[in-house]
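In what follows, chain A forms one complex with chain B and a second complex with chain C.
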Partner chain A sequence: MDHAMRFAEPDSIEEVLSLLAADPEARCLAGGATLVAMMNAGLTAPSLLVSLRKLPGLASIDPQADGAVRVGAMARHATVAAHDGFAGAQAILAAAARRIGHPAIRTMGTIGGSISHADPSADYPTAITAADAVVEIAGPEGARAVPADEFFVDWLETALAPGEIVTGVVVPPDATDAAVHYEKFTRADGDFATVAAAACVALAEDGAVAALRVAAGGVAPTPIRRREAEAALIGRPLTEDGLAALGAALADLSDPIDDMRGSADYRRRLLPRIVGRAVRRAAAAFTARSGARSGTGPQAGGVA
Partner chain B sequence: MTAELDEDALVPLRVTVNGRAQALACGGGETLLTLLRERLGLTGAKRGCNQGLCGACTVLLDGQPVRACLTVAATCADRRVETAEGLLRGARLSPVQQALVDGGAVQCGFCTPGMTMALTALLRAEPRPDAARVREALSGHLCRCTGYVKIVEAALAAAEAQAQKGADGAAAGDADARAEGAAP
Partner chain C sequence: MSADGDAPTSVGLSSPRIDGAEKAGGKAKYADDLSAPDMLYGAIATSPIPAGRILGYDLSEARAVPGVVAVLTAEDLPQRRVGSFVKDETTLARGRVRYVGEPVAAVAAETREAAELAAQLVLVDYEETPAVCSLDEALAADAPRVHPEQADYARQGDAAAEGNVFWSAEIVEGDPDAAWAECDVVVEEVYETPAQYHAYMEPCSALVEPDLGGRFTVRSAAQSIFYLQGRISEELDLPMARIRCVAPRIGGGFGGKNGVNVQPIAVALARVAERPVKITLSRSQDIEMLRSRHPARIRMKTGAKADGTLVAREAELWFDAGAYVDESPAVMSFGLLCSRGPYRCPNVRVRGHAVYTNKLKAGSFRGFGNPQATFASESQLDALARRLGLDGLALRRRNAMAPGDHWLGGQRVDACAMRECLDALEARMAAEVPALPPPEEGWARGVGVSGLSHISGLMGTSAAVNLRSDGTVALSTGVVDIGQGSDTVLPQICAEALRLPPEAVAYAAQDTDSSPYNWKTAASRITYTAGRAVMQATVEMRQRILEHAAELLECGVGDLELAPGGAVRIAGSDRSVSFREVAARAFNRIGGPIMGQHAFAFDGPRFDPKRAAMSNFAFDNLGVYVFGAVGLVADVDRETGKIVVQKVWSAHDIGRAVNPQSAEGQVQGAVVQGLGYALLEELIWEDGRLANPSFMDYKIPDGLDAPAAITPILVEDAPEETGPFGAKGVGEAGIVGVAPALANAVADAVGVRLTRIPMTSERVLDAIEGRASEAPASRTA
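Now for the complex of A and B:
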């Protein structure tokens, strides 16, 4: 080690920001699941670790007056996975959190750390993009909020300016009360996704699609969505042709890489299959839930 | 492996390890795994991948399984750490440890302490898990001897043994109560 790594664990955001402002080589330490792995591999050696563990209000998940849910940056994956206060499309965060790594990783890792690292094969970036969540940021110039699809800028790159930190993720209320499914394809359980899709689906009484949001991960430098292709499926029954069109639209926008989890070509071919599966399963979950609520049991329909 | 120890920027650290409160000092970026193995001589937790992937370093922090290799030691201030060494009661193995031995679930042994801690946390939270829950708790724990089947069987046997012990304890208690009730 070239230099001694220092450690600080402040109990106010102001102190965190002033430590980060004073030292460009300082890094925030959230759960450590990524940063410490990189330190152990010799990929980074911050001069100062600024632990966020003692900051008040950063680890909690809080309902907002308007029906939004604010997930603090230091909320652990296991906490989000078990949270039962999400409604409709908001629940895609819990569905994704359940698929992150393994039990001992989910007790450590945090949502703020995951999205700040911005690995497009990670689960949260895709999930918060599908949920139209807003990222809360604190920095030397004050606080600001950035929508998820503007937060992820490029491979491992976010809209965070130097000296800024993520303080939370605000997940808007979902008036459509969609059901969700997070579909993740991996060769080994707990790995980063080869391809993943986060789907939020609501159906009308006649089985037509009432609301649809789908984000795909692991297929481009950032999570991707095709809002116009989502909109094209609204008001019609869900069909294989419709899903294929959505999958093709996403595949057109994709820009995957070759790596040990799969070739770019493989990912491009896999993407429509995973998207279709995510949407069908979300739709099936919506149908099953409606049936359970109306007391008539699961109804036919939903997927033509 | 003292090269891992970073003596220049020591952070004071009060931490309870296996029930014993300790006043220590650690490097600013030092991991809990280095602290345990190299400052405290507790070599149960193993350094396998040092990337959080293999599970061999898993310990309990405030009762929850964590990767010691990814945990910055200084963040453990005023918290409780449990390692495989802490499961011993004198020379007696814990029910999970005993079941692993009895079930032939230990081969080279490198993954065993991490598996043991994961199973200990599981059985505390869920005394009667099914095989699927055991496998889920063990996901992220690699055994390169590939002895997974026996490890899962041992976990279920440990749960059974604990339940049996509980039932025996309750029965003994009932017997005591009856004896007391019958006493003049």
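Now for the complex of A and C:
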């Protein structure tokens, strides 16, 4: 009876890919925050753990020439949370990273590991969906890039093909210079979200919504967005009716489950309320920031 | 008095916990940190079904795992059932399994991995039988029996067992049937409370080392080395002389380590393997295998005069005990005893039932049946106050017990600062509640209060003390410090009686080979009972010190007094001898140290059959009562149902705080555990299987969930005359009133009263929005 698990620590992506290709039961070990917990709980027993720790350049966060920011797959949550090079909507990644688990988890866990696991109650999937980020993938067939909202396919299921791994997340530049808010509703500190919403909001000088992106998590097998509902709010002042319409549109798309964090019924009720809070708070942050920049103090941006 | 007055040298000082630095610094050694040469690892195979017959075992695959040394089932163990009240348990399941997670077989192997793998490969042939996984199922007329053999079990008393109800008890005072007619207002409600997990930091663990003489040394997480020794002896048919139990550091107990856990299994494995064996449970195993707080359903009815004077109280309590009796008769009986609360009420009838279900055992847990009863009682008092348009504190003050009053059951209460606690709470809240920043927009603020009370005492204990040749003191008791602070507080009591600083007293580690007997670290009893034994042992030694000193100083004993810092002097003079000189003389004269020892069992007032009719009560002798009151400010989010507790004040009739900081820590910890009970914590079963046996799914409050401020108020207005320096216990009282105070605050904030805890956000929102709740809860197919 052979129950031994093997461990490899390659120093090139090619070697990682060939190890994965050779053994369908192999799993990549990034931070281990989720995988090792699942192994300890007896939920998974990989034959081979391929550590990504020694791969060069995978942990860095790098600005790109076009204003995008590339977050390496092995960047720890704490590093992303503290990163000050995000601009506009990109900052939703840092806002979400600050709310993941506890300090010990934020020190271990990585963005690549989190999105590859694709738990819809986790924080990064929702955040990168709101930010229109693109997931960089390496695989036996070569490298490819997949937009976040195509990357998450189903509960704990991604667009990764067998043998592929995430190498990074590219967060596009945000010309609207939106302010962000990540609203996370939990039972207790450090828990996964019962419902979460990531909002990126920019306002025009007259207070009308200039840009709006909102993703919700914990309410469906994947993070959800309603772009047409977002668009319907552009060019008008933010109103409770408008927020309710956005919340209702997201609720239509939601497909929550009953679990220990709450019933599906509760999640459906929370969803528009949490979305409303996220958008209002992002708008308020935008207003406060503009006020601070112009020296005139907050004016527009309240909910009419 | 002497020139240096009677300033305390030790009692009343907040000396740092003696084990604080080593615990905070990660150096403390718990059972799992220990190992022994040639040690094996143990693992336990458990039942995957809630109810069934064991038809047979196939151990061949388990035995074939490389490194496996021993595999045991009930067939390898003595054929005996054990239990304190009803002998219904076996070390490993015999013939039947009764809950998912029940130990069925045990393995010892060279590595932890081999042991765990082999445990998974133990094949048991089960015939599944119908299970009862809730009170309703267990109480149904045609319910399957959790213990079809129940009639054959040895037990204490007959206790009105019927069907799955294995113990019913009752207390009646006055004439409740007639009294309802005198009431101006009557409220009646059903309350429900959850199974709470102890969530001690250290999962249960034991290291057992056999020696060639056939003795076993057991180092494990347990709340009593002596109870453990006795229970291992009973389960495995070994004389106590062959079992030595030693206490390492214990990472919390809260009642969960009150009984045995993995220790008898580890001894059985070590006996067969003839090698040391260590078993440490994973968190999930610990949750699924051991104990919870009893889930309870309580129907309660209270009547009062228009001015708030209580007239009558009726209650019926159903405690879901899980698959084995364990301590349930005592827990349920104590819940009954607390069903009137710390109030005068002349007409009372309370009935309680402990019920078998196919779930893990419910057992002892901080509060011991009292938090369930008090949730009902103090929620109901608040509802009554609202009906009458009275202030909640005023209603409680009007009915509060005072010295000389009697507890339900007729025991006279001599020391009682209930009213002083209500006054102290009211004063602090009046000053501090208005100063809190207002709630966030959309949140409603509520203020809630609850009275509280508990016992401090029970059973026997003893202490021994001796004067070392250098004049320092060696103190020894059998008390295990599970985190409550006895390693610090008991030496403080000893030191004060000798006018020494705390550090002059060395406190021995606990070992059944050498420690004086102590029952358990339980029942908020240690400072009061063990402190009393320590006090008396020290007083006895002090007398002998004075006798030696009198001979040295050539005077009468009556001329002498203790001087601070370890000396005896002739009162009013500067002629003195040091403890060192006295000790040296004693070693020469009597060949060893001056010693003192004392043993006692609680000897105070008892139940009074002339005042109360009691049937099937699980004990007849308790201890002294402690009183208190808790108040809190909570904000409720009307959109989500989320409750945020802003501040808590908890006033305690402590008699005398031996170590104020340590007592405050007990109160704060109890309040946070009480908030977990009120807000978050509930073990949930789905078809007989626990659905949340991990900290991923079962949440307890952490530092960021705890209120920004928990203010303990130690009320020392009513010293307990029989207690050491007036002290009585505070370990459990702090948890008792938290849930009702919070339910009362929620009612104040949003006008709806939750009668079921935990008050999860979902349940609160459902109550606000007036809809039937679909919130996570136990369910059966």
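Quick note on the criterion: the second predicted complex is superposed on the first by the 299 of 304 C-alpha atoms of A that agree within 3 Å, B and C clash if a C-alpha of one lies under 4 Å from a C-alpha of the other, contacts with A are read in each partner's own complex, and residues count from 1 in each chain.
Going forward, contacts are C-beta pairs under 8 Å (C-beta built on N, C-alpha and C of every residue); 3 or more make two chains touch, one makes a residue touch a chain.
These numbers were taken from a predicted model, which means no experiment stands behind them.
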Handout entry: Side-by-side fit of chain B and chain C on chain A, or clash
Key = clash
Problem - Which of chain B and chain C A:Leu49 touches, first, second, both or neither - result: first
Handout entry: First (chain B), second (chain C), both or neither touched by A:Glu9
Key = first
Exercise for the section: Based on the superposed arrangement, let me know which partner A:Trp155 touches: chain B (first), chain C (second), both, or neither? Expected result: neither
Practice task
Examine A:Gly32 and indicate which partner it touches, taking first as chain B and second as chain C; both and neither are also allowed.
Solution key: first
Exercise for the section: Mind working out whether A:Gly190 is in touch with chain B, chain C, both or neither, as first, second, both or neither? Expected result: both
Exercise for the section: Answer with first, second, both or neither: which of chain B and chain C does A:Ala41 touch in the superposed model? Expected result: both
Exercise for the section: Using the touch definition from the top, say if A:Ile105 reaches chain B (first), chain C (second), both or neither. Expected result: first
Fill in the blank from the handout: Stretch of chain C hitting chain B after superposition, from 111-119, 219-227, 327-335 or 705-713, is 111-119
Completion exercise
Interface residues of chain A shared by chain B and chain C, listed 1, 3, 37, 40-41, 102, 189-190
Fill in the blank from the handout: Listed in rising order, chain C residues that touch chain A in their complex are 64-66, 113, 117, 282, 284, 639-640, 642, 680, 684, 691-692, 694, 696-705, 760-762, 765-766, 769, 774-776
Practice task
Over in the complex, which chain B residues touch chain A? Could you list them?
Solution key: 6, 8-9, 11, 27-29, 31, 50-52, 55, 58, 61, 64-67, 69-72, 74-75, 77, 118, 121, 136-137, 139-141
Practice task
Write out the stretch or stretches of chain A touching chain B in their complex.
Solution key: 1, 3-7, 9, 29, 31-33, 36-37, 39-41, 45-46, 48-49, 51, 53, 78, 101-105, 107-108, 189-190
Practice task
Give every residue of chain A touching chain C within the complex, in rising order.
Solution key: 1, 3, 37, 40-41, 102, 185, 187-192, 194, 258-266, 269-270, 273-274
